Each structure stands twice: as C-alpha cells, then as structure tokens.
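In order of appearance the chains are A, B and C, and numbering begins at 1 in each one.
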Amino acid sequence: MRAFGISGFVILIILLAAAPLTGDMSMLNVLIKVFIAAIFALGFNLLWGQAGLLSFGHAAYFGIGTFAAIYLMDVIDRGLAFPTPLVPLAGAAAGFLFGLVAGWFATIRSGVYFAMITVALAELTAALAVKWESLFGGEAGIRSIRSPWGPFKFQSTTDVYYLILVWTVLVIVFLLWLQRSPWGLIVRGIREREERVRFIGYKSHAVKTLVFAISAAIAGLAGALLALSNEAANMVLLQSTGSAFVVLNTVIGGANVFGGPIVGAALTTIFSYYVADITHYWMLYLGLLFIALVLYAPSGLVGLVAERAKAVRGGEKQWMSAAEAMLIAGLATLLAGAVLAIELTGAVLAPEYKAQILANSGQWPAVRVFGVAWPPLSPISFLTVIALFGFGIGLMRASSSNSGWALFRPKSLVLKAGSKS
Amino acid sequence: MTITPTPSDVLVLRSVAKHFGQIRVLENIDLTIARGERHALIGPNGAGKSTLFNLISGRFPLSAGSISLNAREISGLPPHLLNRAGLGRSFQITHIFNRMSVRDNILLSVMSRHGKRWSFLRRGSVWRTIDEETDGLLEGSNLAHHADRDAGTLPYSDQRALEICMTVATGAEIVLLDEPTAGMSREETALTISFIRKLTEGRTLVMVEHDMDVVFGLADRVSVVANGSILATGTPQEIANDARVRKAYLGDAVQ
Amino acid sequence: MEIFLVALLNGLVYGLLLFMVSSGLTLIFGMMGVLNFAHASFYMLGAYLGFATARYVGFFPGLVLATAGVAFVGYACEQHLLRKVRSHGHVQELLLTFGLFFAIDELVKLFFGPYPVAYSIPESLRFAAFTIGGTEYPFFRVLIGMTAITMFALIFVLLTFTRIGMIVRAAVQYPAMVSALGYNVKQVFSALFAIGAALAGLAGAIGGAFYSTSPNMAGELGAIVFVVVVVGGLGSLGGALAASLIIGVLVSAAVYIDASLGDLALSLGLISGKAIDGLLAIPLSATAGIIPYVLMLAVLLVRPSGIAGEERS
C-alpha cells in the first residue's frame, strides 16, 4: 500500500510537470491556485490532524506571508541580489515569527478556548491591516514585480507554475518527514492525551507553540507563493473568508489522511473557478456541502473513499451497491431541485430583477438556470422544483435497504482506534 | 502528629491542606514515605484520598503546607518538571494514546526519559538504547504481541497494564498509581499485583486502592484517609486491627 | 465632564448589548460544552428579520416577530442538526456550528444582497431622552439599555424564583444528575438554546437598527463575543457581564480620544516628534476596534482562566 502511494505520487508529479506542454494556460492558472490552496490546507492540517488544534483564524498567517513576500520582491527589484525562487522563505519566516507569538497565546488554553482565541487574533490582525494603510496598502493593496534570476525570467505562467510546483513538492516532503520524526510523535501524543504527555515529562505548551508556528510558516509560504503569482498583496487576504475556506477545504477532503486537505483544496478551488461565473451562490452551495459532510461524512471525501477501500479489501463491501447507486441518484436529483429553487429565489430577489420587471412592462422575465429559461411565476418552475424534490426523495426511500439509508445516519468525526486508513 | 523526616524518606508532606472554595477537603496532612517503600492510601469514599493523591502528583495546587521530594520542595511544580524530578503517575481513567500503537505509547515515555524531547532526527546510538528499552518494556508488560496495534483497541486490563508501563518507563523513582486495579476481575487483579511488584522493583510506590487484596499483597505500609485527615498509618496488619479504622469504614453500627 | 459621562453611558449600553448576545453563548457552553460558532449569526438574523418585518408591521411588532423568528430558527437548528452530532463529541458540533455560521452568512446574502440594508431607527423614536450638560442623549440608546436590563431581570426572576428556573440552574451544573432525577434534560437544553438565540435575536433586532445591518455583522460581532467569553470565563454569567461592560466602556472611551499612541510616547519623552509614523500615528480612536483583542491577550497573560474562570486549565 505504501509502495502504491509513492509510485502513484511520482506519477502524479510527472503528469503535473508535463501539464505546461498542453499549452492550456487557463488550466495552469487553476493548478497554480490549487497548489497554493493545497499548501495552505496542509499547513492547517498539521495543526489539526496532527496536534488536534482547530484554528479558525489561519488566514492571518497566509496574509502576512503574502505581504512579507511582496516587500522582499520589491527590495529585489531595487537591486538586492536575492534569488526569486527563494522568496517564499520570506513568507515562511514571517508566518513562523507571527505564529510563534500568536501560538504562544493561543495554546495557553485548549479546545474551544483555543478556537476562539485564533478567531480573535485573526480579527485583530485584519483590523490592524485596515487601519495601517502605509504598511498594508489599504484597499488597493501593494504591487510589485517578479525579478528574473539566473536563466529564469519568471515572466511566463509556465515559469511561475514550475516554481510553485517545486515548492509544493518540497512542502509535502517536509510535512511527511515531520510527521514521522520523533517530535511528530510527541505532537500526536498531545492530540490524543495532552495531560498524559505533560506527566511523562514534556512541556506541552512549548510543543504546541512550535507546531503552531510551523503551521503558520507553511501558511505564510503559501501566501508568499500567491504574492509571486499575482505580483500583488492585499489586506483582504487576512480576512475571515480565507480562514473559513481552509477549514472547508480540509473537512471536505478529510483531515485524517495526509492527502485529504490536498484533495479538498483542489475540489473547492476548481469548483469555485468554474462555477463562480455561473452562479452567485456557489459559496452557499459549498457551505451546505460542508454541513452535509460534517454530518454524514466527517472524515471527508478522501476519508470516505479510504474507508470504503478498506471494507472492499476486507471483503465486507463492494465499491458501490445497487441500493447505494440509487440513493446517490436520488440525492443528485434532490440537489438539482434545491439548486433550481435557490437560483430562482436568488435571481428574483436581486435588485437588478426589479429593474428588469419594469423594463418588461410589469411581467416577471425568465431566469436562466441549467441553460433553460424558467419563468419564475409560472407553474412549470414550481412543478419542476417539486418534481425534482419528490423524485429525489422517492428514489432515496426506494433504495432504503440498510446500506441505502445508512449513508444518512450522522457519523462520528472521531476516528475510532484501529480504524486508520 | 509531628513528623521528623529521616534521610531515607523520599517524600515528605507537612501540614498539607486543600480547600475547594468553602469546602475543606483535606486538613493538616503529615506523611512521610521512605525510599523503596510501597505505600497504600485507603479510606472511605469521599474521604479525600484521591485529592491527596492528586496533590502529591501535582495535578492540583496546595492550599497550604508543603510537599518535598528528596528534600526538595515540589508543590507548585508543573507536571513535566515533577516528572523530571523523578515522579511518575498513572490515572484512574486510562490515559493512554488511543490512536497510536502500543509501542509508540511506551516509546514516548522512554524518549522522555532519555531527554529526547526536541528530537527531529533519529541520530545517535542512544536511539538503539531507546528502542531496546521499549522492546524490553513491551516484553515485561506482556504486550509485545500487541506492539503494533492501536492502544485503544486493547482489552481493558491490557490498557491498564500499558498505563502502568508508561508511568514506569519514564524512569520515575517514585511511582504513583491511582486505583490500578479498578474494574478488574479477581484473576486480572492477581496478575496486576505481581505485574506491579515486578515493574516497581527498587522504586518507591504510592497507590490509592480500594481492593484489600491489593493492599495486603503489595503494601509495606498503609495510610487511612478519613474525613480529610490521616486517621492512622501502619503495616497492613496493624491497620486491619485498628478499631478507629474499622469505625471509619463501617460506622458506629459495628463494634 | 459631560463627554466622560456620555462616553460612559454609551459604553454601558454597548456592553449590555454585548452581554445580551454573549450570555446565551456562555450559558450554553457551561451547560453542554457546546461552543456555538453561529451564535452571532442569531444576532444577525434578528437584525435582518427586524428589518424585513418592520417595513410591514411597524418597528415594535417587528422586534417581537424577529425575536420569535430567531428563537424558532435556533430551536430548529438545535433539534434537527446539532443534536444529531452531540454524542460524537464537541469538535464535530463545533464544526457543524461553524458550517451553520458560514451558510447563514450566505443565505442572508441570497435574500438581502451582499451590502448593508437600510434598517434604521424609526422617525418616531429619534428624540432625546435627557440632556447631560449641553449634550442630548438619544432615547434609542436608552431603549437598548432598558431592553437589556428588562430581559435580565425577567430571566433572573425566572431562574431564581420559579421551579423551572431551579431545574435549569441545576441542569447547568449537573446535567447527568438532573436527568437521573427524571427530568428531560434534553428538552431543558433545547429550550435554553432557543432562549439564548432569542436574546441574541432581540439584541440584533434592536442593535441592528442603531449600529448597522450587513452580512458582515455575524463575523464581526462573533469575534468580540468570543473575546467576552474568554475574558469573562466560559460558563460564567457574572464574568461575561463584567467583560462585556469593560469592553463596552473601553471601546467607547477610546473613540473619544484623538491623541495617538505616538503622542502619548512623545509626551512621555520616549520618542521624537519625527518618529511618529505608521502604527504610532494611528489615533487611539481608530484603534477602538482593536481594544477588545488587546484586552484578551492581556488577560491570557495574566489570568488565563478569565475573570471568573475556574482553576482547571
């Protein structure tokens, strides 16, 4: 299994390295965003998956990394002989220093206190950034430029892509190594039973502070990569949306498997890239997906697959039974109905719509969803929504053998001992 | 009762008291424990023996008095420093690392013993010593065949054995065990008694216990905690014959 | 002098509003160990429901409808969502409430748009309650304060003098015991959750008209409510009250101080006039928003368990 993982990983890297050959620049841009989000999520999950500390304010360190990098880029542009490929280290360093201080405070308490303190610290940083215009550039942010280094000009997307890909691999290797180190064992011990760790002689507060700082450093590194990619830094990056998204990404992918946050980040980023143009409400859909996952698949999508793989290997289950397929088909239908309802509601409530009604001499114009025009007040729209709901729920009920509805019993987030995948 | 500690006393409690707000749980506790002694704390429920245990093991701060270890004041020390001073404790509710392997559970204690607390690389010959010690402890606790299992999947008595093993693995010269045989059957209790005797060979042992078989099987001396103070201290035999002790446990109804 | 009094009053009113929101949060945590990340979302929902209904039924009926609406939403969330994962541990429930917070933010944007809405004090209530020196003190601020105080008095009477109140107080301290005595602790908790939500909703319905109503409300207030709870000690109503008032007064006072940290250092002879730049040039009034967080850091340094927190770490 381990060998499959390594060779699979290598193949993936080769494929990713070959991606620029396709000449598809927009795909490269998406992948760049995916890598950055993945690194951020991996750093976040070092804190959560390994140390059991759930931080809701991690965007602060990401944002600080962005600004540290942009200032370094500026100084390089003015003549400092510092290699551009090493600029992310500035982000990591800034994130580390901040994380050291923030982490020291945050890890004085544990559990929900810790979570609240991380939120407050992030708000503090975001509020400071808004006020401190000379440093953070206010609403316009700060811009700079990638300087060439050696044979690399860093003017093309491809150059940036390879730079970020290399850093992604480095971060992954670093984190895997850290996890397997003796110190990594102590960190997991703290996650399992902190009091015990203290009573066998470790200073748990110091260890937690360091793991927080490393996690913040990786977030800062991701931020620096963004600064390199965009040649810009903005205080918006420090705000709560970024913190929320990294939590979302990790939960969607799964915190208990190393690759979970990567998959979650990839899915969310790709989803937002392609869907954000189609609908205003893509964040609502993500939020609802998050809630559904926390309830019914708290080990994330990767966790789900891993658990199923284990059951298949153990001979207990198939990959997908007919009942489960029917359940999923029903669920998809139900979701289509929900999306239609949400899109129609949103479109009708939007201020532009009132203007459109007036322009249409009092008639409510149709709204385009799924490529079809739906007149909001017509029975067709209502009936379609109801039909989709009904059909979906019907399918789900019909599949209600044990394996069917079992998907809908809320599951526990806490991995039982012995069920490592 | 004034105490005059002797050089062979490894743990000395003087006028120790503990209040939780208005409630005076413990008052005027004086106790000395000799090196290498096996000492049991017994008493009726709610008498304060668990609190006393938690005071000695550094889980609660003292309200008054002092506790010294090898003539060094230890009250108020944080848990990790207590451990490094030579104190190790187990917990009544098993405090093991559920989702880590049995070997890793013990390894963490052994690493701490050898000072490997900030180690990022496995470099140096000390790691072979650490691994050997870990394997030795696995064997000695009869857990070697479970070495790679998640600790949380072990049967209860094996978990308790692991708990005790982890406590001892830190090299603690004073081992504090909190109701080590809680929830065990008679056979398991008997096995645990000999297990504890073997593992705490040459060390000082203080334990809280309810089970008189354990007390008689293990303890050199016994202290009875009742109504927030120490009623009597002596050999198990002396305590068993002490009328005051019987009264404390059984009340006035029985003569 | 009158500026001082006005600032003090403003601070107390804001503090009372904060307490209306944080009291529910701290009680719910004290009882069930549940940190409701979406608690400030109830505040926001109260404001939006107040806005939506006041247009049709008037301001005060709108308040009532908003409060009832949020109580219902809170109750429904607890019964049908939160309860499902409670047995699986606090972290999962925390994540679920976080998801709720996120989703409610987006839902509000769906129904009301991503910009602030024009929820404001009705004309009939824009008068002065009294004057301090030469300054008129707005009635609406007094209304906020009075609403808060009335709510607390009601709750205090309920808790202290009724049988149900006694059961609730016991259940907050020893839920298992109260359950063993035959009371349905789950229902007690659901009711408590709904009441906490209602309080937050009422605070929002009234506060949103005065301060502002936008989709950012929940996030902004949420962070400050967390500070209140950390500073006051989780589970302690007294601590939350003290912390709310302290934060309210400090923030309010800072708004009136135009001097900056740099001016202060200058007057102390620490730096020269030229060095006042960047961070040091920000007037204290602008840092008012940051004060709660600085207070939190200070408390963590000095007394980690909070004003009224317990010994356990």
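To be clear about the criterion, a residue touches a chain if its C-beta (ideal position, glycine included) is under 8 Å from a C-beta of that chain, and two chains touch if they have at least 3 such contacts.
These numbers come from a predicted model, not from an experiment.
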Contact clusters after notional removal of subunit A: B | C
| item | value |
| --- | --- |
| Greatest separation from subunit A - chain, by CA centre | B |
| Between subunit A and subunit C, centroid-to-centroid distance (C-alpha), Å | 29 |
| Where subunit B and subunit C are represented by their mean Cα positions, the distance between them in whole Å | 46 |
| Touching residues on subunit A, where the partner in the complex is subunit B | 178, 181-183, 185-186, 188-189, 192-193, 195-204, 415-418, 420 |
| In the complex with subunit C, residue positions of subunit A that touch it | 54, 56, 105, 108-113, 115-117, 119-124, 127-128, 131-132, 134-135, 240, 244, 247-248, 251, 281, 283-284, 287-288, 290-291, 294-295, 298, 342, 345-346, 349-351, 410-414 |
| Subunit A-facing residues of subunit C, complex | 29, 33, 35, 37, 81, 84-85, 87-92, 94-96, 98-100, 102-103, 105-107, 109-113, 219-220, 222-224, 226-227, 229-230, 234, 277-279, 282, 286-287, 289-290, 292-294, 296-297, 300-301, 304, 313 |
| Complex contact set, residues of subunit B against subunit A | 57-58, 78-80, 82-84, 88-89, 91, 95-100, 104, 107-109, 111-113, 116-122, 149-153, 166-167, 169-170 |
